[in-house]
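Next come two complexes built around chain A: one with chain B, the other with chain C.
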Partner chain A sequence: MELKDKLISSFLAFEEAFDVDSDIHEVRSNAIKEFESLGFPSKKEEDWKYTSLNTVLKHDYSVFPKKEDALEYRDIKKYLIHDIDTYKLVFIDGIYSSHLSETTHDKIDVCLMSSALSKSKYKPIIDAYFNKIVPKNGLNSLNTAFSKEGAFIHIHKNKLADKPIQIVNFSTGNESALMVQPRNLIVVDENSQAQIIERHQSLTDHPVFTNSVTEIFAGKRAIVDYYKIQNDRASASLIDNTFVEQQEESVCSMHTFSFGGKLTRNNLNFYQRGERCDSTMKGITIIEDKQHVDHNTLVHHIFPNCESHQDYKGIFDENSTGVFNGKVLVEKEAQKINAFQSNNNILLDDKATINSKPQLEIFADDVKCSHGCTIGQLDEESLFYLRARGIPLKEARALLMYAFANNVLESVRIPELKKRITSQIALKLGVSLGFDL
Partner chain B sequence: MAYTEDDLKKELETKEYEYGFYTDIESDTFPVGLNEDIVRAISKKKEEPEWMTEWRLEAYRAWEKMIEPEWANVHYTKPDFQNISYYSAPNKKPKYESLDEVDPELRATFEKLGISLDEQKALAGVAVDIVMDSVSVATTFKKTLAEKGIIFCSISEAIKEHPELVKKYIGSVVPKKDNFYAALNSAVFSDGSFCYIPKGVRCPMELSTYFRINQAGTGQFERTLVIADEGSYVSYLEGCTAPSRDENQLHAAVVELIALDDAEIKYSTVQNWFPGNKEGKGGVYNFVTKRGICEKNAKISWTQVETGSAVTWKYPSCILKGDNSIGEFYSIAVTNNFQQADTGTKMIHLGKNTKSTIISKGISAGKSQNSYRGLVQINSRAENARNFSQCDSLLMGNKCGAHTFPYIEVKNKSAQVEHEATTSKIGEDQIFYCNQRGIDTEKAIALIVNGFSKDVLNKLPMEFAVEAQKLLEISLEGSVG
Partner chain C sequence: MLKITNLHANIEDKEILKGINLEINPGEVHAIMGPNGSGKSTLSSVIAGKEEYEMTEGEIIFEGGDLTELDPEERSHKGIFLSFQYPVEIPGVSVTNFMKASLNAHRKANGQEDMPANEMLKMIREKSELLEMDRKFLSRSLNQGFSGGEKKRNEIFQMAMLNPKLAILDETDSGLDIDALKIVANGVNKLKSKDNAVLVITHYQRLLDYIVPDFVHVMLDGKIVKSGTKELAYELEERGYDWIKQEQL
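And now, the complex of A and B:
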């Protein structure tokens, strides 16, 4: 049976496990109908021109994993940022693991989507924000239909999340093939602030297909820093759909570090709904083998005097494929916009491919919008310079690549995370950089 | 009172199409509609050999199965292909001995356009193969060219007289099933130009053709084939104006360039078809397929100044097949009122050490939409390929839009590809700087627009620059300078 049919027929069983009288029931039922008519995207769609899901969809994924909660902290410690105190939301095969997690309700809510959806206390927030900015397409609707678990984070007005929040999704490989659909909702109210780190990790080589949807709402003057670590096994595929809505003077940044996984697709969308917003989207991609990373970004400038910055760096080795499809859309009311988009790539192998499509759609005249895209290789003269000073070729190359990616790293505001990423880059490049580790 | 950008905008909006007039010449027009019989009839009318008729029919059959493309960033009412007459030729078609014998009315048309044949002959030294409603009316300088072995004639003549060349090359760069409009053109093309430059010959003059759409309700389906044999050089100019008509006119041309080893082709276009009136009514639909292929060490350079047409859909492309070949694309696209342009280029790098340069300048005013859409593709065997692309857009007023859709596909690690794009308006600081130096605002805007597009204007051949300036005047520059 095709995955699409399987999902549609599983939906009934899925719904029965819930309170069918709740408001969410209707949202889910509508969503599954949408998915039924839209289906999975194909390469014929312009946005999926360079990314085919065929190899991902061919597996017979199980949709309802058996409950298995046997992971111990020591098994997963290395996947966490463990050297600082953080709130943690750990999910194993899509199911919340309470003994590995650390939640709070003290001034801020860091808890579960399942409880937020069921408890009346959270109803106003769910009513106001749940599924409000997610455009209808096959993958989003599919996630909405099966939305049940994920992170629910609500930072109340004038509050500061006192420590970073980690959202970690593990898949254990108890199933031969597993599909998980986390659904996260993050609401950061006026004048509040939060730092969030998200990670998806497979623990075995069984195929995993994650179709995740995250909605982020930043209130007036809110500050949200969001980091995604994508360093999964070659059997894991991830489609990450993230939607960020910003109010006046809010500052949001999204850093995506893609170091592994069979197929990774990031659909990242920023909607600016107030003046003087600032959006930052940065990413480092270092992949090899037959891996495929696709960054699809959108910044929708609706109000005047806003800024957006995009900076994506990619290093591609062996048979890997990189895709960058960035779009800046400036509405005609959005005057005095400053939008910058940059995509730089290095190809290390003739079998590697990069497809880049940086787009600008501009309807306002008083704007400064620019984009740049480069594809090239390491500068021979720089390499020679380093080697003339006794640095071996491999290290010299690594050093240059590190420098290439550095201005994305620079803006990471959690020092421990920065350190972690740096050492991961060093590992990727097969050298010890000997600094900042 | 100081001249401001608002004034400029107002002027642009009210500027009527100056070249909108209609020549009343009896035309020999086919009934509307398209079917195999019409295709056969066109072929017969043109006294074409059997293979050509078959070729057209094949294209027609392919076209029937095709769907009109919708991916371009333009919106328009689709033409009804069964409501178009596919052939129209000026009725009086004697072979003129001298220019004096040309229909005076027709000549007056050209005079009004400022392309007096005599003037061209005497001053510019340009050979003009004038295509008026699809059939060559006058060809000049043919003798001089013939001495060098250069063939420059209408494509129907070439089919009759040089079938071996046409047969070999037609459809070799733009296959007849390439796309919807190319297939349509292949089936029904009425005429066009053919040019062959023999080995090692440097064409002594700029070859030029003026296209005009004249008869109301006739689509224009031009077919141009330029072949530059090994080591030759040719500069080819194509310029267009069309009279003001209310219905939308369809233009689906195909241009094929073949640059063999060490050859160079420079192809320049000034396009100023009727863009529709201020309310966006009427105007020409311009759906053109232009493509060139470069063999070893060859070079193809496209330069275009696009100021007209209601809807433009045009991507002059280069296939850089041979090693060390070079492709260039320089473009200025100006849109005003309700014009829509989706234009750009494709650079396909196949050979080693291939280079391409793309410079695209878009100026949008009024309620127009101006898009750049380009593809740079470096294939895995194209070692040391190099591309530089620059797309700049200038917006005037907040009712227009400027869009950039670059596609960059690289499969070779030694490739160096750079793309940059900017969008901005004329900066107040720029105007202030000029004002400070005693240049009034009007002149300053002219200066800035001029400077903005000079990169491309400079690439036009001398003889053409005059025409280009004139057309820019109508669209933008003239109204401020």
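And now, the complex of A and C:
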């Protein structure tokens, strides 16, 4: 059976397990109908021209994991930022693991989507925010239809999440092939702050297909820093759909570190719904083999006096392919905005490919918008300089790659995370540089 | 120490060096002067092993061994140091970390362990004082946003750290004001010994007031056409290169 048909026929069984009288029931039922008519995207669609899901969709995925797998902390420690205190929401094959997690309801809510969807005390938040900024397409509708579990984070007005929050999704390989669809909702109220780190990690070589949807709402003057670590196995594919809505004077940043996985697609949209918003989207992609990473971004400038900054760096080796499709849409009312976009790529191998496509649609007349895209190799003069100082070719190349990606790291505001990413880059480049980067 | 015989080198099939002969012994300071485009910087790059130049004839013998087949890093490990005319910027890698990478790469090539961190820091401090460098300088990203003078001081600082047998200073005086020039020259002079040698490549005699050469060579159109003592440099400063060109005809 085709995956699409399998999912549609699984829906009834899935939905019957819930309270069919709830409001969400209707949302889910509508969503499965949308998925039925829209299906999975194909390369015929402009936004999917360079990314084909064919090799991902061909597996016979289990849609419901059969049993909870008990992982121990020592099995997963290395995938966590463990040297600092954090809240943790850990999911194993899509199921919440209470013994590995650390939640809170003390002034802020860091808990589960399943309880937020079912408990009446969360109903006002769910009614106000759930599925409100998710564009209608096959993948999003599919996630909504099966939305059940994920992270629910609500930082109340004037509160500060006192430590970073980690959302970690493990897949164990208990199923021969597994599809998971995490659904996250993050609401950061007026004058509040949160730092969130998200990771998807497969623990075996069995195929895993994650189709995740995250909605993030930043209230007036809220500050949200979000970090995604995508360093998965070659059998794991991820479609990450993340939507951020900002109220006035809020500051939101998204850093995406893509170091591995079979196919990774990031659909990332920022919607500015107030004046003086600041949106940052940055990414470092370092891949090789036949890996594929696709960044599809949108910044929607609707109000005046806002800023957006996009900076994506990519290093592609062997047969890897990258896509950057960055759209900046400036409405007529959005005067005096600054929108910057830059996408720089290094191809280390003749067989590596990057498709970079900036798109600017500007309807206002008093704005500063810039975009730049480069594709090149490592600078020979710089390599010679390092080698003339005795640094061997491999290490010299690694140093230059690090230098190339460095400005994306500079804005990472959790020092331990920055250190971790840096050492992952060194590991990725396979070198010891004689010092800790 | 260095013996270059009949060196010919091309870049993209264009011959730049057309038969260079040069011998440098330990303890000596040599200067190569010449107009723009005469091949001075090419010569320094070829000695340091830059791959875009193709050696078509001749040989470069350093400490009794042929350099031709060696990579730039191997030449560095053997004790050749090139101070660049245009040092490159490496964002995100501090001067200190870069120096650690460089020095430890040398140690590794010589079969030594990494230098202990405290020893390294002590050495970095010592050598940076020699070049009158600000402590803050050491934690800045390598050459990023450095002034011309800071870049050149940083080059000589690296030279002090690596203690090469042969230092080639390629246009080290360009972009330096007189104070920076004195500091750089003073640094080079303090590093001089009877066991090492310096090859200064310059347009102007000015630097040679501070780094006094034993021999001065004039390079024209890919060849060394005249050699002499430091007096030759003064003569060049006064009379330019045309009279030598005339002599050649």
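Criterion: the second predicted complex is superposed on the first by the 432 of 437 C-alpha atoms of A that agree within 3 Å, B and C clash if a C-alpha of one lies under 4 Å from a C-alpha of the other, contacts with A are read in each partner's own complex, and residues count from 1 in each chain.
Definition applied: contacts are C-beta pairs under 8 Å (C-beta built on N, C-alpha and C of every residue); 3 or more make two chains touch, one makes a residue touch a chain.
What you are looking at is a predicted structure, and each value in this text was computed from that prediction instead of being measured.
When the two complexes are overlaid on their common chain A, residue A:Ala128 makes contact with neither chain B nor chain C.
Comparing chain B with chain C, the partner in contact with more residues of chain A is B.
Once chain A of one complex is fitted onto chain A of the other, the partner contacts of A:Ile84 are absent, as it touches neither chain B nor chain C. Contact with chain C, but none with chain B, is seen for A:Glu380 once the two complexes are overlaid on the shared chain.
Across the superposed pair, chain B and chain C touch chain A at no common residue.
Here chain C touches chain A in the complex through residues 45, 48-52, 71-73, 75-77, 81-82, 84, 86-88, 90-93, 97-98, 100-106, 108-109, 114, 158, 162, going by the rule given at the top.
Residues 379-382, 384-393, 395-396, 399-400, 402-403, 406-407, 409-410, 433-435, 437 of chain A are the ones that touch chain C when the two sit in their complex.
Residues 46, 332, 335, 345, 347-377 of chain A are the ones touching chain B in the complex.
Put simply, chain B touches chain A in their complex at residues 71, 378, 380, 393, 395-425.
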